[in-house]
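The following pair of complexes shares a single chain, subunit A, combined with subunit B in the former and subunit C in the latter.
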Partner chain A sequence: MCLAVPGKILSISTEDPVMPMARVSFGGIVKEVNLAYVPTAKIGEYVIVHVGFALSTLDEAEAGRVFKYLESMGELAELEEPSA
Partner chain B sequence: MSQTITIDPVSRIEGHAKITIELDEQKQVRDAHFHITQFRGFEKFCEGRPFTEMPSLMARICGICPVSHLVASAKACDAIMAVRIPETAAKLRRIMNLAQHIQSHALSFFHLSSPDLLLGMDSDPATRNIFGVMQAHPHLALDGIKLRKFGQQIIEWLGGKRIHPAWIVPGGVNEPLTEERRDQILAEIPGAMQIILRTLEWFKEASVKYTDEIRHFANFNTMFFGLVDEGGGLEMYDGVIRIVDAQGNVVADRLDPANYQDFIGEAVEPYSYLKSPYYKNVGYPEGIYRVGPLARLNIASHIGTPLAHKEWEEFRGPNKRVILSSFHYHLARLIEILYGIEMIEKLLNEPDILSDRVRAVAGPNSLEGIGVSEAPRGTLMHHYRIDKHGLITWANLIIATGHNNLAMNKGVLQVAKAYLKGTQPTEGMLNRVEAVIRCYDPCLSCSTHAVGHMPLVLQVRSHDGEILGETARK
Partner chain C sequence: MKFMDEYRDAAIAKQYADAIRSTVTRPWNIMEICGGQTHAIVKFGIDELLPPDLSLVHGPGCPVCVTPLEIIDKALSIAARPEVIFCSFGDMLRVPGSTTDLFSVKAGGGDVRIVYSPMDAVKLAAANPDREVVFFAVGFETTAPANGMAVFQANRLNLKNFSILVSHVLVPPAMEAILSSPLNCVQGFLAAGHVCTVMGFTEYEPLATKYKIPIVVTGFEPLDILQGIYMCVKQLEEGRAEVENQYSRSVRRDGNFPAQEILRQVFRIIPRKWRGVGEIPQSGFGLAEEYSSFDAEVRFGLADYTAEESAECISGLVLQGQKKPFECPAFGTRCTPEHPLGATMVSSEGACAAYYLYRRRKTPSVAVSS
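Then we have the complex of A and B:
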């Protein structure tokens, strides 16, 4: 099971109108993300990203709900460290 | 030694999937491992929650394929309620599930894989991405965007604007389809159809260039596993489990998915968090099988829509042979997109599709429920147990990427044997390893990395564990 972590859009570059790119922050780590699939996404909104492509947008309330789940999972996460 | 660590979502954003290739004393490739750090505490997290919350919870946590988790989870809840959901509700769920397949396959084919396919495996990595495709073949990149939008639009129209539609619910769906919505979707069908037909034509022609990759890309004997309908046809939503071997013999048929624990074992390997499911009757690790688009086309005896059936006949050839190279996951995805479009049209034209009987209501009537459906990447299983108040006491999930775990490892090994020269992995080699993994389109927890590229670290180790070479995708 993988986790889908929402990232917040910091800025959008529309140099190439068909392939707009955004700088997206995941808890402070900033990534370049392609917005071709979510052309209406705005600065301040949250996106779910798969291999560099934003799949969908979330508003702040919805993203907050996801973060709450992730947080409570983090508290529960007691995992065995796999050896390499 | 075990150690307690906390999974911090942020560290996963930076995380890399790791691949190690082990050499023997003669410096020949002996073994290869693909290490994935999936989140394993998920099942624990579900405990104590009302079962009715599960579908929307699952869809939220896994936003990569929310609809697939909604479907499997809702089916497990139907089983807990011990209801048979109304026919129309099942058809509407089917439509949404197919739309999910279309949008996911479109992303995988057009935007993650097409740079390799169009620009070449050894081309400059700086331009071997969607931007390179956009420059060289702009129509193709646009077709991908339109096709994904077609699938996504259907999901939004059915479920409302929200990304996590609470439309699929235990017992059915929570709102009937309106005539207006139906016609809206039907109006989009011809455009989507044109795109997939021209893409199929182009890709079949272009595949001739990849004979080398076809030979070495996880081209080996495994079993194939997935759902088929009652008549053995391609099935995405319901049905029974069929397993075929590499020669096309049916190893097991008409297995009830609810009995999965009788025929699937789940091995845990020290190198990965991801469990490795295997077919119990054959044992571990020989009970290796593949799931997903290639598996579905290999286990099916036919496809229930005319155009996709014709493509499927061509794909399997006159002797209906089993297709072994994972490179063909790509073509299988295109055929499934065609099937999805045809099937959505067929379902929308059925007379009862606008019926307002779309939900069965009941409390918990069974203490256990299992829901199985086909997600874009393969068979997805949700299994819950509840107490008498309807609170989850135990949950088990088997996801498609898990089913393919053994096969992905074997695929990496095969590519390493074919393309690793000496001890220093090259960029072209790393890209082929990445490409072979990408055939399976795994959902990785750390999938927020650079456009189209998986975050990978590849290490070559000697027989006594010394690191001889390393290369990383920045």
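Then we have the complex of A and C:
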């Protein structure tokens, strides 16, 4: 139930200003998503969606950290030299 | 899918597994709170990549699993009423109550509907003014903003035929209950990334300090979980006890303000019972005074009902990390996802169901007597 998945905003409608709605694509499957909690989200951005509500906008810069983290810790170099 | 597939890269997963192995020098127990993480760990076999000294214990973070028996019974009683359209997330339908489940009530003619979002229930209420529409509001801090918004919206539309059966639970008080138990074995936590997306992580800092325990806010994909574990064991080995954020692409320190604002308006913090665990002080949401007319328990006169749980199911111990599912004598025999005895076997995020789906070979173990 707590599953929340990333999707890309295709379009935004602000007919009801309290509850802006977006069409969000999840790998091709498009759903209506409530943007009340991410009012500054823009078309083309990725949002984390849970039970019909976007809860955050994904930060592209932070998104790559998991791939570079070990390098930045110097951990990979150590692994290559088991004596370290 | 972008932001998902790339976090399943096997080569990088192996690098993390190697880094964890080279960091760990003694036994540690780390608990992942969230059922979504438990599911991913068992599904992708992440626990099997870890050194034998490092064990993952599965926490109470499956809302389906911790919804108390008496709330399920209340749901069943409301759903069976002829004037009611009872709306629920699909995974609540098979949760066993004292005598039956929602699925059977539906089969017996109850108007039980599965909705994707609580807003669907609000729409149903607006479209059916002659029926009572009740939404089963379960979940953690991740789900509460959506459910809160449904009530907020029903109030805005002045809907008199909408109410919610609330069973919202909060993560930090459950962590504190685990940490303060004399049986506690947990030395580090992976905090639930989507709960923190809403709430931020400042509320974990006093816990980390008080119990000298590292807490790493962690995402849900295999690489997220491996990185979270790595950050956690690094802290343990270095003797640090801090709150760190692995899931920074979604989680900001202070969380989501507009969502927290709705939670403050619509709900208030109250003691809650957790299935298998018992009552935990200040561990859940009930409706705020101003919104109490939307409380289904009051509307249908069920506020005082209580129920006793089955003695055979040890899901309480499973939920607190004190037993693994295959240590339960009923696991895989008298208790299966088709015929669950306890809620942890119902939801795919429940530890028992995850082990049943992906670890059948371990049915049932002899280690029960310990």
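Keep this in mind: the second predicted complex is superposed on the first by the 54 of 84 C-alpha atoms of A that agree within 3 Å, B and C clash if a C-alpha of one lies under 4 Å from a C-alpha of the other, contacts with A are read in each partner's own complex, and residues count from 1 in each chain.
Assume contacts are C-beta pairs under 8 Å (C-beta built on N, C-alpha and C of every residue); 3 or more make two chains touch, one makes a residue touch a chain.
Predicted model, so just to flag it, every value in this text is computed and none were measured.
K.L.:
In the superposed model, which partner reaches more residues of subunit A, subunit B or subunit C?
P.N.:
B
K.L.:
Give one of first, second, both or neither to describe whether A:Glu62 is in contact with subunit B, with subunit C, with both, or with none.
P.N.:
Touch status of A:Glu62: both partners.
K.L.:
Quick one: is A:Ser72 in contact with subunit B, with subunit C, with both, or with neither? Answer first, second, both or neither.
P.N.:
So A:Ser72 only meets subunit B here.
K.L.:
Using the superposition described at the top, list the residues of subunit A that contact subunit B and also contact subunit C.
P.N.:
1-6, 18-19, 26-27, 34, 36-37, 48, 50-53, 55-56, 58, 62, 65-66, 69-70, 73, 75-76, 78-79
K.L.:
Name, in rising order, each residue of subunit B that touches subunit A in their complex.
P.N.:
1-10, 12-14, 18, 20, 35, 37-42, 44-45, 57, 60-64, 107, 111-112, 130-131, 134, 138, 141-142, 145, 148-149, 152, 162-164, 270-273, 397, 399, 401, 443-445, 447-454
K.L.:
Using the touch definition up top, name the residues of subunit C that touch subunit A in the complex.
P.N.:
1-4, 6-7, 9, 12, 15-16, 18-19, 22, 34-36, 61-64, 89, 91, 116-120, 138-140, 142-143, 145-146, 149, 153, 156, 192, 194-195, 197-198, 220, 223-224, 227, 230, 246, 248-252, 256, 258-259, 347, 349
K.L.:
In the complex of these two chains, what residues of subunit A are touching subunit B?
P.N.:
1-7, 16, 18-19, 24, 26-29, 31-34, 36-37, 48-53, 55-58, 62, 65-66, 69-70, 72-84
K.L.:
Show me the residue ranges of subunit A that touch subunit C in the complex, using the header's touch definition.
P.N.:
Residue list for subunit A touching subunit C: 1-6, 8, 18-19, 26-27, 34, 36-39, 46, 48, 50-53, 55-56, 58-60, 62-63, 65-67, 69-70, 73, 75-76, 78-79.
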